[in-house]
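What follows is subunit A paired twice: with subunit B in the first complex and subunit C in the second.
Let's look at the complex of A and B:
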């Protein structure tokens, strides 16, 4: 025992001595990738790396898994410090924050226009990574929205799939109140600290917080006003319509636990979570997301999604771009594989023709959900998310109590605009 | 005991019991969640389940726990030893030795406590990058070993250290280093125990700085691993809880071992 302890202590000291002052050397031809979520983004990237081995056996793809917020902290610290040592060659960035990085850290990312044919990807997804003439991303997973609902509970209240298709949010509220009254199940959960549902409503009308030139576009924006009115109406319905939740665990627990009968405002990436409640197999269906009752609004929008970016500081830039071009922008079969294995619904349009994208899913009562999402993804209205979406989100969240209390909509919009304006200065 | 004081006492115990329950509940929930599936945790199940082994296996599949624990252990062990050694010597020095400038210098040091780490992070990062120390244990250890708070803590505790002992030791022929090692150190063991617990916890739970300077998978610490597990789109809360328990146990263990001395140390005990 004593000798074991001694051996361990020696090993500890020896290993420490090695690591204490020595930064591990980077291998030649090694492309490092930073991402979050090992099982989703990491697994998809690993599959891509495996396929790239056949094309370029000498290049190693090294995956570094970080929490999303951690990745952003690291990236911002390094950009701000001007130190490029240790930065990855490829990094995953959330679509909503893409413009923030591209415009705040000009020159830090490599334009990919020349190497990637972006016409092969969903246009809305390309728009989020475009600055002037340059397109910086390899568009990855889509946040195409779906209205996930419990078909068994809706049927109990007298609603069929056709009743849920291509509806407005006003109609959704009517149905929701009726379903709650008849079955006791709310059709919606609302987290008062999450502005995503509101953003989705706005994008369904092709509108955004900012003009394409980046100016605040709240006061006098008809779609924004309609979204505020609709969301206020929803909030005012209170417990006749929705269940209040706080945080991600409670949000997902509300529908996986069977209490809330739908997830109407979410992205396709929620599929894995919905399916984690195996006891509810065959009891779910997906409809197009409701639209705003306003001219130009469509039954399609986006929530989340991210893309791959190559850093200008990368020593392995050529390999990194080639890797993305050879697999991510070319291999439709790769997208079938990651759809089946990870539920990663990508925006590479040729992938839609593959078998996986047209397969029926028994969990959703045999519905060809991926095919439906493929249709909806093309209808998403492109908007420029800008660099201050977070500031406007915060201003909207601050007004949710006023919206729930039924205060004057114009005053609410003016207050949101005032707070957002001061936060953006 | 009068009925009124009996009622008051009962109410006090009830209040304290309730407060204790609220404090312990998150820990209980973490232990319970460790034994349940992700869906059960999300649904708020509060009783023990049978998923402990499955969760543990998932964690071992996803994370190189041996490597991660090794990193955390090395950082914490060396960080604690170096910080306590250096800062106690500094605190002792500040209190015992006379100098015209020491109080000014000490005030300056205390003033530095008010600078938030966020403000120093980028300059520190640039310094370590220039020194070629990024992604090494040294980068984690060096900024923390001269802890102003621990120096302050030792200086305050040293005020209670009997000067007669030092004088007697001098008469017996001990030099300053010998007095520090043979007299001061054993007498101040409660203070050392309290400082050890504080520094150990700070090192083990260190998050932001390791996140910034560590760059490869093989250098990750337990706090970074827990953070990345939670960040998944569909987090497996059962697995996260297993990792959280593993991350919490060493600090609990150290605290329980040194608990008595810790309390004595904080209340200024000198033996």
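Let's look at the complex of A and C:
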């Protein structure tokens, strides 16, 4: 009660202040934000909230940290129940799942194109959150891919930075087997529950599970066939190439612990985790992600990345949108700060001009990593992620044992397509 | 008049319970039955009639989940019941040293939370987890066993996990039932020279028949609803080898494009299976 009175008094003061200074509008209230990953998304949101204090001192931004899967479950359960009381005002959504939410829960999200100038953001990020005429997101971090490797271990095996740059996955496999034989360090870990490598390989060729119209695009898709062949080759190499891991903790532990010498299939957001192994400072480097050995595949792709969405049911909608517009779509300096502090590589284009984006990083042996990522992000081919990526992922994962056993690639693709087709309804 | 009055009293006393039951039990059950007749993306539902039932027959993932669930049922439940019975009979022996300690130790897994023990099992059976390290140290294997990354071994891990968790629980029922068997029967058998294994199979087991049946039905229902372990240890993988019906329902609702109608249909499959299997077990166990 006391805090309510206080808020009211503050609002009253603020209202008086308007008359005195003729400020444009007064906004008061509590904006609740759901996100996952305190150190990355949370820290960036906290920094934004601190900056918004100067613009609108009467608006409180409340941060609620949830595990990603919990956030999605909670959100979906509330949508399905039709009770909007417990929903936040702003929510973080994974780009891969954005269309699924926008199309499954129509009317639950607020279009932002009136309030925010989306031409300031990377076009592929805007496309992810567009349905018809409406754009629903405030695009946040990029999932631009990088090939992180231990330069010291690679040097021991006789490979320099130039040998790792702009290579194909086939070449990567050769190098990996050689490095494992010479140093005992695998260049790759494989999680049998992770389909991201297939998505990354496809997008590097500008292709996807679906056509831009949303039709299944697996049988007869040259890029998909090449991706299956390439991954089969990796699986068949077994422990001459990779270490098996299961789950996130084992995956990150494998390279922060110094056993696995590279992280080839990841997004720029992994930088913080790589850097968390302070004892490995100066021993890492980042190369462009390998490409598929086919016409049209580039050494750039995407993995992950997410954006902020405002919920239509929100009582503090005006405040929430104003907050995003005033800080997230305006403050280039803010993006410099979260890049330096959290390694949050955002897709707000004006921020690229700042000094932080061209600074050298000693952890990566003085490499200007952000500048490199800025180059690669422009090469990412936009694709329509569609709403059934999870179903196709599951269909692919079901065929991993067949790929490892070296079964016929065309049969594998047909099986994947059959399962995906039955799941897409 | 009198009986009518007690009727009113009776009904009004059970009314609160009935109302709660109606709102939180009967209404959701009927509502999900209605939902299972709908198709569509997320909340954009439209009436689809039997469309979801037809989809079941052609869904390879559903058939895989059904197969896995029945496999766990057929393999794990008999192992667990047999183990529980053996433990119970052994612990019922008053001359056994450290009886109370063993009884507590075997029952203890059952008070741990499902998620907690699943997370522990996941880390124990990791590629360089404590199980592989121990096996390698003792020279039982010279390569780490791919517990969580090989479809076959992943099923073994799940079976080990649920057996560890639930054997003690079943054992307690047997122990309680054994207290009700008259000791003089065994004394008589011993005097007649009946060997120990025959005493177990010919005397104990027939006398425990109702409780064995009860435990079989309870375990069947439990296994058909298997979720926490596969969700936390393997996420249904690798290659759907440990995907159960309950986990598939979860995936259909939360992981994939939300198909609430189809997910309800799959949950009714579990209802039908529980009904059929319970009926079957009652039939088989009925005295001739």
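To be clear about the criterion, the second predicted complex is superposed on the first by the 397 of 425 C-alpha atoms of A that agree within 3 Å, B and C clash if a C-alpha of one lies under 4 Å from a C-alpha of the other, contacts with A are read in each partner's own complex, and residues count from 1 in each chain.
Note that a residue touches a chain if its C-beta (ideal position, glycine included) is under 8 Å from a C-beta of that chain, and two chains touch if they have at least 3 such contacts.
Because the structure is a prediction, the values reported are computed rather than measured.
*Asks:* For A:238 in the superposed arrangement: first (subunit B), second (subunit C), both or neither?
*Replies:* A:238 sits against neither subunit B nor subunit C.
*Asks:* As a test of reading the superposition: which chain, subunit B or subunit C, is in touch with more residues of subunit A?
*Replies:* The larger set of subunit A residues in touch belongs to B.
*Asks:* A:80 contacts which: subunit B (first), subunit C (second), both, neither?
*Replies:* Touch partners of A:80: subunit B and subunit C.
*Asks:* Where does A:406 make contact in the superposed view: on subunit B (first), on subunit C (second), on both, or on neither?
*Replies:* A:406 contacts neither subunit B nor subunit C.
*Asks:* Would you check which partner chain A:246 touches, where first means subunit B only, second means subunit C only, and both and neither mean what they say?
*Replies:* second
*Asks:* Let me test your reading of the model: by the given contact rule, A:423 touches which partner, first (subunit B), second (subunit C), both or neither?
*Replies:* A:423: touches subunit C, not subunit B.
*Asks:* Kindly classify A:66 by the partners it touches after superposition: subunit B alone (first), subunit C alone (second), both, or neither?
*Replies:* It touches subunit B, and subunit C stays clear.
*Asks:* Under the stated touch criterion, which partner chain does A:40 make contact with: subunit B (first), subunit C (second), both, or neither?
*Replies:* first
*Asks:* Scan A:184 for contacts with subunit B and subunit C and give back first, second, both or neither.
*Replies:* neither
*Asks:* Looking at the overlay, what does A:391 touch: subunit B (first), subunit C (second), both, or neither?
*Replies:* second
*Asks:* Check subunit A for residues that touch subunit B in one structure and subunit C in the other, and list them.
*Replies:* Looking at subunit A, the two contact sets intersect at 69, 73, 80, 250.
*Asks:* Applying the document's contact rule, which stretches of subunit A touch subunit C when the two form their complex?
*Replies:* 69, 72-73, 76, 79-80, 100, 103-106, 192-193, 243-247, 250, 387-388, 390-391, 394, 397-401, 418-419, 422-425
*Asks:* Can you check the complex and tell me which residues of subunit B touch subunit A?
*Replies:* Answer in residue numbers: 38-39, 41-44, 62, 70, 73-74, 77-78, 121-122, 125-126, 129, 132-138, 141, 208, 211-212, 215-219, 224, 227-228, 230-235, 237.
*Asks:* Under the stated contact criterion, what part of subunit A meets subunit B in this complex?
*Replies:* 12, 15-16, 19-24, 36-40, 62-70, 73-74, 77-78, 80-83, 85-86, 248-250, 252-253, 256-257, 269-270, 272-273, 276-277
*Asks:* Would you mind writing out the residues of subunit C in touch with subunit A in their complex?
*Replies:* These residues of subunit C touch subunit A: 39, 41-44, 55, 58-61, 64, 122, 126-127, 146, 148-149, 151, 234-235, 237-240, 251, 253-260, 262.
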